[in-house]
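Several structures are given next for inspection.
There are two complexes below, and they share subunit A, which is joined by subunit B in the first and by subunit C in the second.
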Partner chain A sequence: MNVWTIATLTLREALRKKVVYIFLFVAILMIILSQAFAFFADPSGMGGQKAGDMGVANASRVELIVIKSMAFGVIVLAGAVMSIFLGTDLIPSDIDRKTIYTLLSKPVRRGAYLAGKQLGLSLTLGVNIGLMGLAFLVLLFLKTFRFPIEILVGVLLIWVQFIMLGSVALFFSVFVSRNINAALTFFIFVVGSLSDFLQEIVNSSARSGNHALAILLRVVKWIIPNFADFNATNPLIHSEQLAQTNFYQYVFAKVIPLGILYSLMLLIVAFVIFDRREL
Partner chain B sequence: MALAVRTIGLTKRYGFLTKATGHLAVDHLNLEVEEGLIFGFLGPNGAGKTTTIKMLLGLIFPTEGRAELLGRPVGDMSVHQEISYLPESPYFYDFLSGAELLNTYAKLFGINAEERGRRITRLLRLVGLPDERKPLREYSKGMLQRVGIAQALINEPKLLFFDEPTSGLDPIAHIDIRDIIQNLRKEGKTVFTSSHQLSDVERICDRVAIIHRGKLMKIGDVDDLLAGSEMEIIVDGPDDALARVLQDFAQRSITQENRLLLYQSDEEKVGQIIDAVRAAHARLVSVIPQRRSLESIFLETVQQDGGAASPPLSGTSTDGPKGGAA
Partner chain C sequence: MQLPDRRMWLVLAAALWLATIGLQTWIDPDRHYYAPRQQGGGAMPQVYKESAALFGGILLGFREVAAGLLWVRADEYFHSGKYDELVPIFYIVTWLDPHQIDVYSTGAWHLAYNLGDQRLIPEGVKFLDKGIKDNPNIYDLYFQQAYMHYHKLHDYQTAEKYAQEAVKHPGTDGEPAPYYIHNTIAHSMRANGQIDAMFDQWNRNIAFSWKQLEPLLRTKGGPAVGAALDAAEKEYGSLPLSQQILKYVALPSVVTAANKDPNIPKAMEGMLVQVRNLNVNILRREFFRKGAGQPGYKFDFTASPPHWVPSGDNQRHQINTHFDFHVVKVAPRKLKVIGRLEGADFQDKLEHHRLYTRLDVWFRDKNFARRFALHADDFTWQKANLTTFKKQVSFPTEDTKPGQDSTEFSFILDFSKDPDEMDHKPTDLFPMKADAFDLTVSMDPVGQSEFHQDVYGWKGEGLTDDKHLVVDERGVRTISKTVTLPRWEVL
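For the complex of A and B:
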């Protein structure tokens, strides 16, 4: 009950930040403008010359690929900015303004407070990413006259990705300052997104006999969440791949559960630290 | 009577290296506050008042010692159902209206919707904001403090902690809030309040404690403290040498033009002052028993401990030396 009350309070507070609306507006504008970028796309390297029905169909397919790629990219970018911006500010702003004192002097456990904050952040990200996804869906409908519902799976994937990034920001916010938190969270997002590259370095270090570095990087790779797993929207962009891959199984049986599990684990560690923090 | 607050050797030290280098914010504080009292917790800035309140609320943790609220140890979540807190200069979620804020906080106590509605209406009327629908960001400081009092009463607590509840308020809000606190006594609630408004404390509190540099310097019933038999001795035109001697005998002194006003509660020292005046053939204008003010007790207590007190003192005052406490 307390978790939900704090979550809705967090959601309402976040949704009245003007800067969130600016991010959202720019992102939706970019999604709408993606069709303009698609117009300039060259479907087959023919310098823009299109011959016959095949050419038109191909152009239309390429246009859709560009729109989808760009829209997913914009949602990821806006989601990353929002989760870092909102996540790093959740706890410090309550401490600065002393709102945390009135909350925690009531029968609210610190764990419930943190869980409420995490849930509120997740809902805020859900609303924003959902609205961007809706704009994306409407754009695709105007383009194809059908609702490609599978796109929503991609949006869900992005949402879970940023719930995870938000939990990283929340975790750091219980013991570091806002600016350091923003830098650390961004760093983790970048390194986590380059997980495959990190694996290559681990392999080459092991091959070259630099075992210490290989072990160190393995530990880093093990600790830092694998954001690269969430870059799985290719089958949604190239819809012909959807039937050929086990995309849904990969998303629902692996990536999303792991993302939620990682967020919960991070929340528990954050609670252990926050429970002894002096306010 | 049962104890609302009890601290046993409560200590807070900041700085983690050694006892020598750490800053002792609260030093082995032993306090007992009975239920049903309005208890004033006084001290200059940095004396450890807020630190103590925060420890009692479980917001920070003691280095040593322990505390109990309503007979249960601090940290027992069940006690939070029966206490409340109004921090100094509070900020509330300013996009909410007063009623929405109270509704949100009432939910945290698990109060059902019907009861929430009843309490909110009653409390907004009590604090003089019955029809305010605008968001809190449009409230004045006085209105915010009224909402703060209302949120502190939403759970019908037995024990309330107020940190500087009347600071920075206009006179009307000041009086209203003081009256609300006074009325809480009639409802049998215990109020633990820190304040720099000594005249308010003198008027509304049953009992006070003065802390300085984290140490409990004085504790007692307000009536007992104020009933001290302090004498005011006025001497006309003493020369510098006599003035120095007299000031040494006094607990405090004030120079007004060519007169020296001396204050002392120890009868023996009063006699020594009079003897010294007579021996110097100076003119003794009057010796009048005074009802002491909480301000003078506060200043005397803090100055005895070698500190500078923050509340202002009118007139030109000279600190008295190591006189006995009242």
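For the complex of A and C:
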């Protein structure tokens, strides 16, 4: 009960921040403006002119590809900014306003406090990413006169990705300052998004006989959350790929559980550290 | 908190961590299916792989957007004549987003057709191969390969192979491969000399199309169409399917249904094209070309329409082309080819049927195939060292005057300028590095007009030559001669 109360309180506090609305507004605007990029990518110049049976490049298909990829990209970018901005501020703002002392002096365990904060952050991100997803869906409806509901799976994927990033921010916020936390969280996000690069370096090191470096990098890859796993919206962008892959199994059986388990793990470690911290 | 409590939490965290490692290990092999990462890039050098992975990671969710914008850039390069910059862009775009089917098809098409450098044709083929590796489950790029092999490379066997593969897969819209891809199989078989197989294929195509159309008719047309079709099947069921179909589509209830639902005439149109193709080919087999080149038959140019008729003399009446040509150097890098080919000439026989004979011309380095094979993956080397140029010429030309000998031909091969006037430097297009060059002029009966083919038969059975008849691997009787020119005779 305490967890839910703190979560809803966190959600209300976050939604009171004007800057969140600014992010949200800009993101939704960018999603709407993604149509402009689609206009630039109209293949009437490069494609389109083929003889006989070859058919023509499907301009509307290309336009949809660009709109979808642009919109997913904007949601990822806005989600990353929001989760870093909100996540790094969760505990420091309570300490600044000294509300943390009031909360923890009540029969609220530190674990429940942290879990509530994490849940509140997740809900805040959910509301914002959900609204962006909704704008995306409406835009697609206006373009195609159908609701491609599968797009929401991509939005869900992005949400879980940023729950995980939020948990990284929350984890750091229990023992480092706000600014350092923001820098560290951003760093982790970038490195976690470069897991393909890390894997290539691991392969390269192993091939060149540098096994120590290969092992070290492999451990780093296991420790740092793999955000690149969530960059999996390509089958939603090219809908023909959807029927030919086990996309939903990949999302629901593998990646989302990964995000939830990783977030839980970080929450526990954060709790263990926070529990010993003198406030 | 007591120590044991904290340990318990840490043990739980460690267990969760191990679970994430397990999940990650399970995810890793699958990632390339869902992230825009290419599957056909196995040959990419490690250093490129690392750079690519780094760059791709930095782009986060914007890889497809970056691909789209780069594609626009490629358009600008194309229209401003920066052709050398185009090829890397094609590869970067498809690396960023390997499922951009249109980029593969249009990019390969540009490489093979539009950039004015025939050495890029194999690059177009390679690019499509990469596209197929990245998108093996849709028909689009298999079909593009079939089309390119048929029309550009005249490699009908490979064209058929790709078309056969194409029809096994749905399109990007999930729909089965359209009728014209099935038709490509039959056309390729004909061009490849597989005449019996071609007839079987047309029948298969028609059966396939009818299988698509019949349920559509019954569903959209309602009980009236169903009943009419059932009755017609009883009446015409013993006829070959291609003939049954003509009866079915003429049924009044079917015509009414077709007028109501636009999907029906669309599906019907493709099927009727196939029926027409089959019937025309049957007509050729049974009437126009029957007996072509066989003893006791001769081609009657005066008949209306002209066709092979029994000669009654048991002699073999083939057209002897008396083909020959020689080459004259008219200026450095400029050759004149002068020759003679006595092909089917309707001009004297039928006033209004003046038909051109098409000759395939191929000028290339001596041992071109070996030189190319040694550097097949090194276009920089190819560009600096390989010379190849193909063109098709027709004769007699429109300038041929009445009464003039229309069996003579001549044409210029001018390597001192860009033949497509695309501002390529001639020395770049034709580096002429080999010690000698081969020039082949050939007349492939399969590549002639249908009227010519009626004279020559399906595989050139009605055609012969004293010196230059070549029966190629298709079993097609081609007239072909190759001369070797030393370098000094060209430059």
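Methods note: the second predicted complex is superposed on the first by the 265 of 279 C-alpha atoms of A that agree within 3 Å, B and C clash if a C-alpha of one lies under 4 Å from a C-alpha of the other, contacts with A are read in each partner's own complex, and residues count from 1 in each chain.
Everything below uses one rule, namely that a contact is a pair of C-beta atoms (placed from the backbone, for glycine too) under 8 Å apart; a residue touches a chain by one contact, two chains touch by 3 or more.
None of these values were measured; they are calculated from a predicted model.
Once both complexes are superposed on subunit A, the partners subunit B and subunit C fit side by side without clashing.
Residue contacts after overlaying the shared chain place A:Asn231 against subunit C, while subunit B stays out of touching range.
Applying the stated contact rule after C-alpha superposition, one finds that A:Gly133 touches neither subunit B nor subunit C.
Once the two structures are superposed, subunit B and subunit C can be ranked by residues of subunit A touched, with C on top. Using the contact criterion defined above for the overlaid structures, shared-chain residue A:Gly116 touches neither subunit B nor subunit C, since it reaches no partner.
Contacts of A:Glu200 after superposition: subunit C is touched, whereas subunit B is not reached. Between the Cα centres of subunit B and subunit C, as seen from that of subunit A, there is an angle of 170°, stated in steps of 10. Touch criterion met: A:Asn2 reaches subunit B, while subunit C stays clear of it. Look at A:Val255: by the touch rule set out above, it reaches subunit C but stays clear of subunit B. In the superposed model, A:Pro148 lies in contact with neither subunit B nor subunit C.
Look at A:Arg97: by the touch rule set out above, it reaches subunit B but stays clear of subunit C.
Of the two partner chains placed around the shared chain by superposition, subunit B is the only one that A:Glu278 touches, whereas subunit C remains out of contact. With chain A used as the common frame, the shortest Cα distance separating subunit B from subunit C works out to 8 Å. Subunit A residues in contact with subunit B (one complex) as well as with subunit C (other complex) are 276. Partner subunit A is touched in their complex by these residues of subunit C: 1, 6, 9-10, 12-13, 16-17, 19-21, 23-24, 26-28, 30-31, 33-37, 46, 49-50, 53-54, 56-58, 60-65, 67-69, 71-72, 74-75, 78-79, 97, 99-102, 105-106, 109-110, 137-138, 144, 147, 170-174, 180-181, 183-184.
In the complex of the two chains, the subunit A residues touching subunit B come out as 1-2, 5, 9, 12-13, 16, 97-99, 101-109, 276, 278-279. By the touch criterion given at the top, residues 37-38, 40-41, 43, 45-47, 50, 53-54, 57-58, 61-62, 65-66, 68-70, 72-73, 75-77, 80, 158, 190, 193-197, 199-201, 203-204, 207, 221-222, 226, 228-229, 231-235, 237-241, 243-247, 250, 254-255, 257-258, 261-262, 264-265, 268-269, 271-272, 275-276 of subunit A touch subunit C in their complex.
Partner subunit A is touched in their complex by these residues of subunit B: 54, 57-61, 77-78, 80-81, 83-87, 89-93, 95-96, 104-105, 107-110, 151, 155, 161.
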